Amino acid sequence: MSQDAPPPAARPAEATPALEVKNLTVSFERDGRRAEVVSDVSYTIARGRTLGVVGESGCGKTITSLAVMGLAPPGLRVQGAIRLAGQDLAGASEKAWQDARGDRVAMVFQEPMSALNPVMKIGRQIAEVLVRHRGARWREANEEAVELLASVGIPSPRLRAQDYPHRLSGGMRQRAMIAIALACKPAVLVADEPTTALDVTIQAQILDLMIELQERTGTAIQFISHNLAVVSQVAHDIIVMYAGRVVEQADAQQLFAQPLHPYTRGLIATLPDPQRPVKRLPVIPGRVAAVSAGHTGCRFAARCALADERCHAQEPQLEQRGERHWVACHKVENA
Amino acid sequence: MSTASLPLESSPRPLSIWALRWRALRRHKPAMASLVLLLLLAAFCFSAPLVGALLHVDPNATDLFERYGPPTATHLLGTDEVGRDVLLRLMVGGQVSLAVGVLATVFGGLLGIAVGVLAGYLGGRIDAFLMRATDCMISLPLIPLLVVLAAIDLGKLGIPPDVAQGPDVSFWRIVIIIALVDWTTIARVVRAGTLAVGRQDYVLAARVSGAGTPYNVGVHVLPNVATPIIVAGTLTVGRVILLESTLSFLGVGVMPPTPTWGNMLNNAQELASSAPMLAVWPGLLIFLTVIAFNFLGDGLRVAFDPRATK
Amino acid sequence: MASFTLRRIAQAVLVAAIMSFFLYVMLSLLPGDPVDVMLEGNPAVTPELVAQMRKLYGADQPVLQQYGHWLARLATGDLGYSNSQFKPVLAVLGPALAQTSKLMVLTFTISVALAIVLGCVAALKPGGWLDNVISFFAFACISSPAFWLALIFLMVFSVKLHWFPATATALDPNIGLLEQLRYYVLPVLTLTLFNTGQYVRYVRASMIETLNADFIRTARAKGLGWFTVVTRHALRNALVPVVTLMALGFGTLMSGALVIEAMFGVQGMGKAIYDAVMMKDFNVAMVGMLFATIVTLLASLAADLAYGWLDPRISLQ
Amino acid sequence: MNALLDIDAMSVHFKVGGGLLKRGQVLRAVENVTLRIEENETVALVGESGSGKTTLGRVVAGLADPSAGAVRYRGGAVRPAGKVQMIFQDPFSALDPRMLVADIVAEPLRLLGVDAQERRERARALIEQVRLPADAGDRYPHEFSGGQRQRIAIARALVADPELVVADEPLSALDVSIQSQVLNLIAELRETRKLAMLFISHDLGVVHHLADRVAVLYLGRLVEVAKRDDLFARPSHPYTRALLDAAPRIGPRRVPGAGLSLRGEIPSPINPPSGCVFHTRCPKATDLCRTTAPALEPAPGRPVQWAACHHKE
Amino acid sequence: DANKQQLVIGQLQYLSNSHPLVQVNNTKLFLMGFVQRPITAFDATGRSVCILCATKPSLENGLAKVVSLPGGQKGMLVTLKLRPDAKWGDGTPVSASDVAFTWKMASEGTVAFSNYNSWKRATQVDVVDPKTVVLHLPKVMVGYDTWDQVLPSHLEGPVYDKYKSTEDYSRQSLYNREPTNPGLWNGAYVVSSAQLGTEVTLVANKYWPQPPRIPKVILSYRGSATALVQNLLSGDLDALPVSPGGISFAQMLTLRKDHADRFNFPLDAGYNLERIAFQLKNPVLADVRVRRAIAMAIDREAIATRLFEKVVPVARSLVVPANANYSDAVARYPYDLAQARALMAQAGWKPGADGVCTNAAGQKASFEILTTAGNQTRLQIAQVLQNQLKSICIAATVRQAPIAIFNGDEMRKRRFNGLSLSSIQFPPSASPGLMLGSNAVPTEQNGWTGNNFSAYANPAMDAAIAEADAALDPAREKAAWAKIQRIAMDDLPILPLYFYPASWVVPKDAKGFDVARFDQPTNWAEQWTRQ
């Protein structure tokens, strides 16, 4: 939207963040009408930091991360700036994107089973990245793949490298996926719900692994999840998305201690917590808004108990409300 | 806060799944064009009595003095090798060809549905047995098999000679043998569909509530595998029309003088150099019909399956 | 793997045995008996002659018994004699098989290669103009009566343009390889078109499905170019569901080329079987059809092996 | 009080990998489980993926037969028609896309032979009760969102006045903001209708919110059964403890290595480990655990908290 | 020009084996004319002439004699003198022992083979010298001067002696094992390569007295008549015979219209009779008035002029006018609907409401017209017949039967219920009894043999046939034949339609084909030339 909106930054102090996304808008046209899937999203992630992205299904988390990878599905129009260590790739050629992908920016997907090529050996799937970007020979690359497998905690990596994905358990597959992503030590890792398909016990293991690896390599991570609790366990900073928009952005502690947006508050409140049992859980009424065209006003207004005419008429912009806290809501003062 | 009743956002008139599909199909241009073409072709074929009455021509009337006649006001497409009206014979032949295609598909489809539903819903040994049988059927050489079936002596099967030699026997024989041979695709499709539907939670829910197999097959499975059946059936009609023409070429199809596009084409091919149009018309009509069925089937697949890519 | 192959072969043999009975019964339901055909148009047939020949060909025994005899002889490796050509069945079907094999191998290779290329190209941009053209081509191929196509090709390429011979058999067997290939152009073209049409549909559908798979996105996220993605990652996956269909197509070529063989004067398997059926040459028809069945079974066995090789998830134990 | 449902030393085994000419292996999905559900009681079933929760639920609902042991409903082997119903995880596949919502909801009544008029009325009443718009009955499922569909499924499950409902992860496919709506609805209906419930979930927060008692499954075996508060406050089995520890909770950033986390992953139910099946991942495992399977017994000093462990807390 | 040195002839039917006497069909006969010559054959005028013999036996030249047999019956002695220069392709002379051997095979009957002109007629064969035999005939018969092919005793003799059953012999015969052995052939050509079903190559027999002008002939087999035409037009084939065994008339006529510049189309009427056989079992057709009505309702003239563009004469009788025994003093059945209707009325048939006649007994005048599947010409005629019969209120349906059923069940076993269309090879030597004699009715007892498919039986006819068969005096023979033809056309068990012409499509440069033949034209293939 407006170009002069304050650029929110996860770590404004650092000169060139690992990833900077500015005014990212993803839209498509159907039957002559334009609809925005992601609207005017801006954020930065510094080296060694993790940005959590939360939001309900369909709010544009995946599309955002695909856009960052230059992999937005055909038919979608991506506007805005995507800077990898300062280099803007938004309008770059497919070749430039290909050179960046897997090398400087890598991605871990939700379903480790379907995200791995079922007919290619694990080791080769890892080595392939090294061959592509490091110009390595297959033989050397295979060796390095074994080391990478070891580094993500896969037991007997040399044997596992010769296995096909179906022979690995879900957790192992996700570890292999991470090994692929980290093969070239990318500056930015985009993880799209990397633990959603896993059991809680395995989820804990993977989260630990990601934190450890980040501490070792200093990779900036964009961690996407619909689960606030999970995000709270890994993220330094968090953005909350609703219907394609960022509605709140804050330092993790800040966000949970003092959520400002009614949506964020609702989300936190609706989670049943054994520590604070209640008879009836509070609810956010209604259902998640569909991305729609020609929208006016706050996208959350229809479900918001506080909404008034202004909310329905005018779309709120992200505004800074704390040291590292931004929120897009007309009603924050009243909250 | 308590759960509030929610207003619905969609249109006030409820659209059934079929209405939605029809809408999707209408958007699929090749399929719609094919559907229109097929309707036109059917209309063309079934208007034979009308056109015959209008032009005062009898599709079976031979006239040796008007062989290979050029197009005239009465014979719009000219006459054939024994002076019959080509246009009318194309129409009548089309009726037979379409009838062979549709009937063989329906019979084969019923057989395939029975086999597929039994295999898919009952599973276990019955499934294994039926699928083996299907594999066996598929491994048989199709065309020679049809040739043999077409030549089988019905008398040896104990069918009384007056039935075995009735005037329509060659038509029904072709319909039946093609149906007997061409049910495997539908059987597989239905089995796969039944397996998929049978695993759906709504079928399980019905079972929990006390539904038995017949109920589930009738109420849930069949309506829900209708889509792949329709798609496979559409493609089958086209394939059957082609098969009939091939059998006609081999001299074992529907026997003249009952015209079909297949045997008209076969008749005409001898005259390909002198009266090429006699071969062009039925060939073209077969081609158009079959390709239309193919496009329609493909369109149906896409329109009926939101997942299918264009 | 070896045990899987053995088990599948055992299974194929079982199926073939069942099919042989089925075929036997069907062939015995053909009208007339071989003797009638042999005596065709001979006004001087005598009753003794008929009785003698009928006995000779076992036409006077019940079917089951005939089948028993047939099996017993088969078990000793005796495929029987052709009662129209008076040669061992093998001597009749051997050359036919040689003829057909040439057609089959050429056709199969070309159509598979062509289908893979066209199918992949079409799948890259579903709904694009290239896809539309290829799809239309594929539909047109599978919608044309084969003999009609053959006829058109004959009229255009042989009669009008004189580019290619109208037959698949050169009169002079000593011509060069290249010259010989010219003879195969039209029959192979006709067969190829039909097959390619089918295969393109399969490949395209499977490829589209595969290209939508998550691991393709992973491959792209690695920075691989389209060509590598398609050839290294998508193709092998996309071929998995296609090999079985192609294998069945291969089996069909064995006997289904009959129409083309008749048009181009190839005395191949299809033609041999057809003639045998028409002449009531029981042994040839029986062995020919059984052989075609076995080829299909073997082809699907090969497909299963290829399947196991293409897709490691399928364990062949 | 009379038990509504008695699961008695029940096992479910599947044959896998077999073929025409090949012997298969036995997969022990549920092994020797004994559990009772009282009237009007909600028992939650938790455990990792593949631990046999769904399989157990299916047996209770009558969708599968036990390979050994028995499931008794009010002491009898036969479940009265309509008295047990089930709610499924995926609201999209739980409704026949070709049926009107009213017909879907009324299906259990139709199967009970209730006449059309009464069917319509009772379905309408339930549609109202689950807070769907009044005209919802005349629509098709595809017009509804996931949460609404789950309500339709709940309406269907309740229309025939069941005594026991098996709910297999009814919330996990829903959005966070919708989950609490549905969760509240379930809790409310459970109370107003005096339902007993077998509630399958992997979300311990939800389980805590809803359950009276909790049963923990590991590799098909019951490893702990206890009253909710006892279990959450003082888990007896190390596996239960690990589950509670691993459950994500809003809080500070993780510090890897802190807290109890399980090694490795759940083993295959085809070749379960010897002795205590949990010993391969258990931080407390001893040689005894490797050889001898522990019985499900009350934890020391806690008569109503049963656990299957040699080293219960 | 290499092209002039060879001739590629297309063939339609499938040649299953190359034994001259086993499974003989049109295709086989066509091939045999090149390579296996008969002792005698019929020339352009229908007279029997010597091919392998030196002098044709006759009563005049004394080589044939009527003798009294012990039982008081009359028999004949026929002396065959073989051409001194007739040799097998390996140089062995064609000898008296070959005749004796062939006769032995035929008369022993342990080996079943088709032989149109059976050696079986002789009861004894005396070998006089290497080139002379005397045949003993048990009765007086007209065809004493026509004799068929012989087999090489020096090659086939040992095989036959060893394997004396049809099955074994057919398998072991050199004709089937080694068809390219030149010693098997005694015609102007020998087989140099044989790919049955595809191609048979013939080259000149070095030992044939008159070397063929075209050194190499290739017979090329196709599965479809269309393919034959296309192959001809594309230049892959040089020549095509017109049916049977080649293309149809319709195709030939088209070619003649469109490609007169490239090909010649020699043709003349032959001896192959196309006829309708009536099923006399059918009560409708048992009435001769109905048969006559049918004959008059069918416009045979139009069929000949329209379908065959006047190339084919309407058959007025059983034999071609060129035949010495032809008689036109027979009933004519011109196309006359009024009279045909009158005849139907006389026979008690009245048109019903649906346009189909019924009789007093309530029967409907309806039956089938049966033809062979795959024969376009016949199918066309059948459709015309069907249509024309409508005008005398007969509802006919057309049915095509595959050749195997047609010959077997339908014709031999006489299952067809109305009219059937088929042809019969009716060379001058053939006895009319084959078609019309009451002893030629196929029955269960005789194993369904014989060609009297209508089951026609008339003592007067039988007597006339016996007379004709034994009439050695041409005048008496002609008189007997006239009687036969008259009775046949009065009773109408069969209705002759037309005679197949012997016709060809040959390249412009080809000469020597343009003789009308009563026998296989290939018997004179050495006279063909290409200039």
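We just call them A, B, C, D and E in the order they show up, numbering each chain from 1.
As a working rule, contacts are C-beta pairs under 8 Å (C-beta built on N, C-alpha and C of every residue); 3 or more make two chains touch, one makes a residue touch a chain.
Since the structure is predicted, the reported quantities are computational estimates derived from the model, not experimental observations.
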- When each step joins two chains that touch, the fewest steps from subunit D to subunit E total 2
- If every chain is reduced to the average of its C-alpha atoms, which one ends up farthest from subunit B? A
- Query: Most remote chain relative to subunit D, going by C-alpha centroids?
  - Reply: E
- Note on the structure: The pair out of A-D and C-E sharing more C-beta contacts is C-E
- Note on the structure: Cα centre of subunit B to Cα centre of subunit C, whole Å, reads 24
- For subunit B paired with subunit D, centre-to-centre distance based on mean C-alpha positions, whole Å: 48
- Query: In angstrom, rounded to a whole number, how far apart do the mean CA points of subunit C and subunit D lie?
  - Reply: 54
- Message: Centroid from C-alpha atoms only, then distance subunit A to subunit E, rounded to Å. What do you get?
- Response: 90
- Query: Using the touch rule from the top of the page, what residues of subunit E touch 2 or more other chains?
  - Reply: 224, 226, 230, 233, 402, 404-405, 409
- Would you pick out the residues of subunit D that each touch at least 2 other chains? 20, 148, 181, 184
- Note on the structure: subunit A touches at least 2 other chains through residues 280, 282-283, 285, 287
- Mind listing the subunit D positions that touch subunit B in their complex? 20, 58, 61-63, 81-82, 84-86, 88-90, 93-98, 100, 104, 107-108, 111-112, 131-133, 135-136, 138-140, 142-144, 148, 153, 156-157, 160, 166, 181, 184-185
- Task: State the interface residues of subunit C toward subunit B in the complex, per the touch definition above.
- Result: 15, 18-19, 22-23, 26-32, 126-127, 139-140, 142-148, 151, 155, 159, 208-209, 212, 248, 251-252, 254-256, 258-259, 262, 270, 273-274, 277-278, 285, 288-289, 292-293, 296-297, 300
- List of subunit E residues in touch with subunit C within their complex: 8, 14, 16-17, 19, 22-26, 109, 112, 114-116, 118, 165-167, 170-171, 173, 176-177, 195-199, 218, 220-224, 226-227, 230-231, 233-236, 402-405, 407-409, 412, 424-425, 430, 434-435, 440, 445-451
- Task: Please give the residue numbers of subunit E that touch subunit B in the complex, ascending.
- Result: 224-226, 229-230, 233, 247-248, 250-251, 254-255, 257-258, 299, 302-303, 306-307, 368, 373-374, 376, 379-380, 382-384, 386-388, 397-400, 402, 404-405, 409, 415, 417
- Message: Considering only the defined contacts, which subunit B positions touch subunit E in the complex?
- Response: 60-62, 64-65, 67, 81-82, 151, 153, 155, 161, 165, 167, 170, 249, 251-252, 255-257, 267, 269-275
